[in-house]
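Structures are listed in the sections that come next.
Presented sequentially are two complexes of subunit A, the first with subunit B as partner and the second with subunit C.
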Partner chain A sequence: MEQLINDLKLQIKEALNLEELSLEEFDENAPLFGEEGIGLDSIDVLEIIVLLEKNYGIRLANPKDGRAIFQSVKTIAEYVQANRKK
Partner chain B sequence: MISVVATNIISPLGFTTEENYQAVLAGRSALKRYAGLWGLPEPFAASLFNEEQKATLALEGYTFFEALAIRSIRTALTYTSLGNDFSRIVLILSTTKGNIESLGEERYYPSEAAQRIAEAIGLTTKPIVVCNACVSGLSAQLLANRLLSANVYDYAIVVGAEVQSKFIVSGFQSLKAVSEEPCRPFDIERNGLNPGEAAATIVFARNADGERWCLMNGATCNDAYHNVSPSPQGEGLTNAINAVMKGRDKSLLATVCAHGTATLYNDQMESVAIHRAGLTDVPLSALKGNFGHTMGAAGVLETILTMIATQDGLVLPSKGFAELGVSKEVNISSEPQKTNKRSFLKLMSGFGGCNVAAFYVRTTDKKQETTSHITLAKANTIRLSSEDGTSLTDIYKQEIGNYPKFYKMDILSRLAFVITELLRKGPHTTDNGQQMPIILFNHSSSVVADRQFLDTIKDAENFFPSPSVFVYTLPNITTGEVAIRHHLCGETSFYILPDKDEALMKQILEASLAGTSATSVISGWIDAESETSYECELSVYNII
Partner chain C sequence: MSISISGYGIICAIGNDAKAVLKSLKEGRTGIASMRYLQSSHKELPVGEVKLSDEEMKRMLGQDEKAVISRTVLMGAIAIRQALEHANLDLKGKRVAIINGTTVGGMDITERYFKQMKENDALLPLIEKHDCGSSTHEMAELAGLPNAEVCTVSTACSSAVNAIILGSEMLKNNEVDIVIAGGTEALSLFHLNGFNALMILDKAQCRPFDKTRAGLNLGEGAAFVVLQKEDSLTNEHTPIAFIRGYANRCDAFHQTASSENGEGAYLAMSEALQMAGLKPQDIHYINAHGTGTPNNDASESAAIRRVFGENIPPVSSTKGFTGHTTSASGSIETVICILALLNNFVPSNYGWKEQDEGCITPFDNSKFINSKFKTSPLESILCNSFGFGGNDSALIISKSPLPAPSFGECLRQETCVLAEAIINNVEQLGELREFVSAGEARRMSKLMKAATISSLKALKEAGVETPDAIITATAFGMLETSEKFLLDMLENGEETLSPTLFMQSTHNTLSSAIAIRTKCHGYNMTYSQGKDSLDWALRDARRLIETGKAKTVLVGYHDEATPLFQEFCRRMGKPLPQEIYSRSVVLRKT
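Take a look at the complex of A and B:
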């Protein structure tokens, strides 16, 4: 799980060009959206959906299903572990 | 008075304005579900020309996009003459992706396509391409009226055209914005837009005789909120409607022809803006259930059909609508309604946060418009070129910082962001800074982002269209980035020219700002051929 969390942090940082966020301060429990957390927006969610398909073979057709999944890196990792096809 | 002297629409439903009008009244639609077309893994519904229509419309030596535009203009010109002074006629092309299928070749460049179209119809002046995402068709009409008002030309031929492709459809699919069913504007079941193909032409003239349609006034307002998601309060669209309807009697409106893309967010936002502007009772029409979203053509096509219907005493039916699915009441119907009114409002909203409202009236009034002349005084200019040897990222780090979005931007947006940031630190007036328009020009459109997006879709084995890259394949996103950063809610416009013609840029800028309430403007040239080959020179002008 820890490895998967670290992989996801690296992949998200790269795919979303989060240049100013260091991996050390990228907290897997921090909310991904809103001022309090990482501050991602709707396009970032779509880019994470692409990333999940590319790297883990997970197809998420409806971004609305993602609300629960995309709370934090931790919740994404749990979803990936349960649903990954590669 | 500037008025409409000729029109044409070429769509899969017909090759003349009349054929298309009858098709809408008869409830016809060319929307069809396509599975596997262009190798796209996800199905989609679209309004596309069939092979027989394509063969009929093709012109040797021209791309299908160019042929469509040329055919549409030629048909429109059978209804009017343009006089003999060809130096007084301008072509304004409205498109979002033009010849995108020719990416990698010279003819990809939108101004090259516009020049071929202009030459084919015998024009000698430089054509102007309007690239303001989905609002382009209205922006192009506004520009035409401004240039004629300023007496720069006698005739303006506005042609909106769009041909669909793997590029555009995969991009909108990556944004989860495309429906695989025929779209349902404002309906509870709506789940996305359908791409559409069409060309539509309006010829505007100074001093035409008789009763005619006139674009009385229009307004462009940016949400300054997000480049893709519209403001949930419909901020920009409300401002645009209010600006256009100020002092006008709304009970004279036959209809509001909405943008009505049938995406969840657009239609919801429009209902809010219409409610806020007090137009809930005015009959609303949305035409994308017939034609799909014809993008660069949409604003021209939908305006023409609304003119013809209003003249005919009808409000057009909104195909696909059955049950209201937006939070604010709108007066929409899937059946034609009768009207005896002679004016209407057309709305468009698009990526880059731009919103346009335009008010049209049928009139015999021949009063000349008196254009207030303005003078532009340059307050500050900053130029950045790839030849300078400085890195944009270094400038960002040293002079700006604390805006992580910088790293997500394409080269055009980075350039605009960095320069406007430096300009705003320099000497200029900002007394009504919130209204400051941003009017940019270039030659290469969004070629850098276009190549990057193409890289994500060209390999079938590794087909992962990137939504964040696709957004930047509209050059006007640069104006949106600047508007968001500085909370600028005024006009944002992006024009593509054959070259950096300073005289033409000045003419467009002055014509655009005549009568404005803004007191300063950001404008200039912003061109990037690659990450390492760019030229950008933007100025702040005070408007006197």
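Take a look at the complex of A and C:
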């Protein structure tokens, strides 16, 4: 799980160009959306959907489903572990 | 004074000419079907294709079947020829301009040959058919007007209506005698996959304004209208209809989404009504932008309710018939509005079944027979056309011209340059952080960064926070993001492509991003006419200022070159384009 969380952090950082966010600062429990946390938006949801399909073979048909799964890196990791195809 | 329409031409999924289009609309036959001509792996996506192969269109235009001609150019030339034939004007000695709206341009050719171009010098010159401006030039030649002045407007999905608006302004300002304005856009793998990455394509028939709507279906086509000044008409030419009012405004909200209350759309509709000298109740039909995405239809409904209150005239989106023909949709729907006006006929909102509380109730043609609208002929129609980045425009087409003159009486204003800033070196891009946060900068491509810096620097120097209008000139547009998206698609297939790259690939990305940053809801325009782009932009800015429509205008010329594009130029023996060039000027009346 720890490895997966780390992989996801790196993949998200790269896909979303979060250059100024260091891996140490990137808390897996921090909310990804909204001003309280990392501050991602609806376009980032789409990028994470692409990333999950590319790296784990997971297809999300509706971006609305993404919002619930993508609360934090931790929740994404749990979802990936349960649903990954590769 | 109004602008008269003296001819029109149209080709789209529901017909190869106006007669066929009207027939399909009346019979309620959609043109959206399984993919036949576009060679995509996304066979699950229905599209509104023009039911002709490239070869058939080349034959119609008397061209060699083997000639490499973009589908965008072919459809556009067919529509222009129809419009000219319909208008039947003597063009001898007249100043003629073709104003074309397109964003895809020659992308279909680039997609087909890009991989080979990288190795094969013989195919390399085909890259010169890629940019929008060259498409318009080629289209003018194929349409038999090699000497016409040509201009390309590229404001994504509102391009064609903005082309009609520009043409009308040029006529009013006496810069030209006859304008052929409209738009053309062929389906391409590039934008099909881009819209797919943004997850706004419906795998079923689209249903604008329906509760269950789940996105749009892409379509393709072209339509052009022939415009003249009302007082330039000779006796033997009676106008078909009039362009009575229009407005170009910006939502200044988000790169791809529309604001909840539809501010840009509201402003465009309200100001078009004001220019037309009409009240909301004078509008007898609204041809909505109505794409079928949850966001657009809710936002547009909110805006329509703000303008029309409880008394909303019949509204329909015709995209259930034609598909969303993107840059061409504005003129395709303008021609549909003209057909509606001439035939006192309101097209249905094909695909709609279930009421959505957040949306207007679209017009149901089957109930038309018994409705009060049957006996009252249509007088004026509002046509909405919105684009990515909140480039929102509205057009009012009427059977009667505006009674009182509304133009040409204001005092001519002089224009002066208030401030200027240039970025021509990538090292200068570090200055970005003076203006935007790291979070905001993370998605910006090189050109976006340069344009942001030069614009904000110039505005700061001028002491202007929000300009009245923003005009952008770009010969090639967002090359870096487009190239990345294209290469990923050609090398790795049509899956898992980046929505962020596509979102930043349209030419109007720069103008709209700067509008969002400066909260500018005013006139917002993007020109992509090769080396003439800046001239067109400056000409537009001066026209706005001289005629009192704007006091301060931000004009930017922004272009970039990727290493691959520079290599192409080197191999063709052409001068090397600069890696980055961004020049912003703030103009003001003296």
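Definition applied: the second predicted complex is superposed on the first by the 86 of 86 C-alpha atoms of A that agree within 3 Å, B and C clash if a C-alpha of one lies under 4 Å from a C-alpha of the other, contacts with A are read in each partner's own complex, and residues count from 1 in each chain.
Going forward, a residue touches a chain if its C-beta (ideal position, glycine included) is under 8 Å from a C-beta of that chain, and two chains touch if they have at least 3 such contacts.
What you are looking at is a predicted structure, and each value in this text was computed from that prediction instead of being measured.
Asks: Answer with first, second, both or neither: which of subunit B and subunit C does A:Asp65 touch in the superposed model?
Replies: neither
Asks: For A:Asp27 in the superposed arrangement: first (subunit B), second (subunit C), both or neither?
Replies: A:Asp27: touches no partner chain.
Asks: In the superposed arrangement, does A:Glu53 touch subunit B (first), subunit C (second), both or neither?
Replies: Both partners.
Asks: Is A:Leu16 contacted by the first partner subunit B, the second partner subunit C, both or neither?
Replies: A:Leu16 contacts both subunit B and subunit C.
Asks: Once the complexes are superposed, what residues of subunit A are shared between the subunit B interface and the subunit C interface?
Replies: On subunit A, the overlap between the subunit B and subunit C contacts is residues 16-20, 39, 42-43, 46-47, 50, 53-54, 62-63.
Asks: Taking the touch rule as given, give the residues of subunit A at its contact with subunit C in the complex, in rising order.
Replies: Where subunit A meets subunit C, its residues are 15-20, 39, 42-43, 46-47, 49-50, 53-54, 62-63.
Asks: For subunit B, which residues count as touching subunit A in their complex?
Replies: 174-176, 226-229, 404, 406-408, 464-468, 471
Asks: What residues on subunit A touch subunit B, complex-wise?
Replies: For subunit A paired with subunit B, touching residues are 16-21, 39, 41-44, 46-47, 50, 53-54, 61-63.
Asks: Where on subunit C is subunit A touching in the complex?
Replies: Touching subunit A from subunit C are residues 197-199, 255-257, 438-439, 442-443, 495-500, 503.
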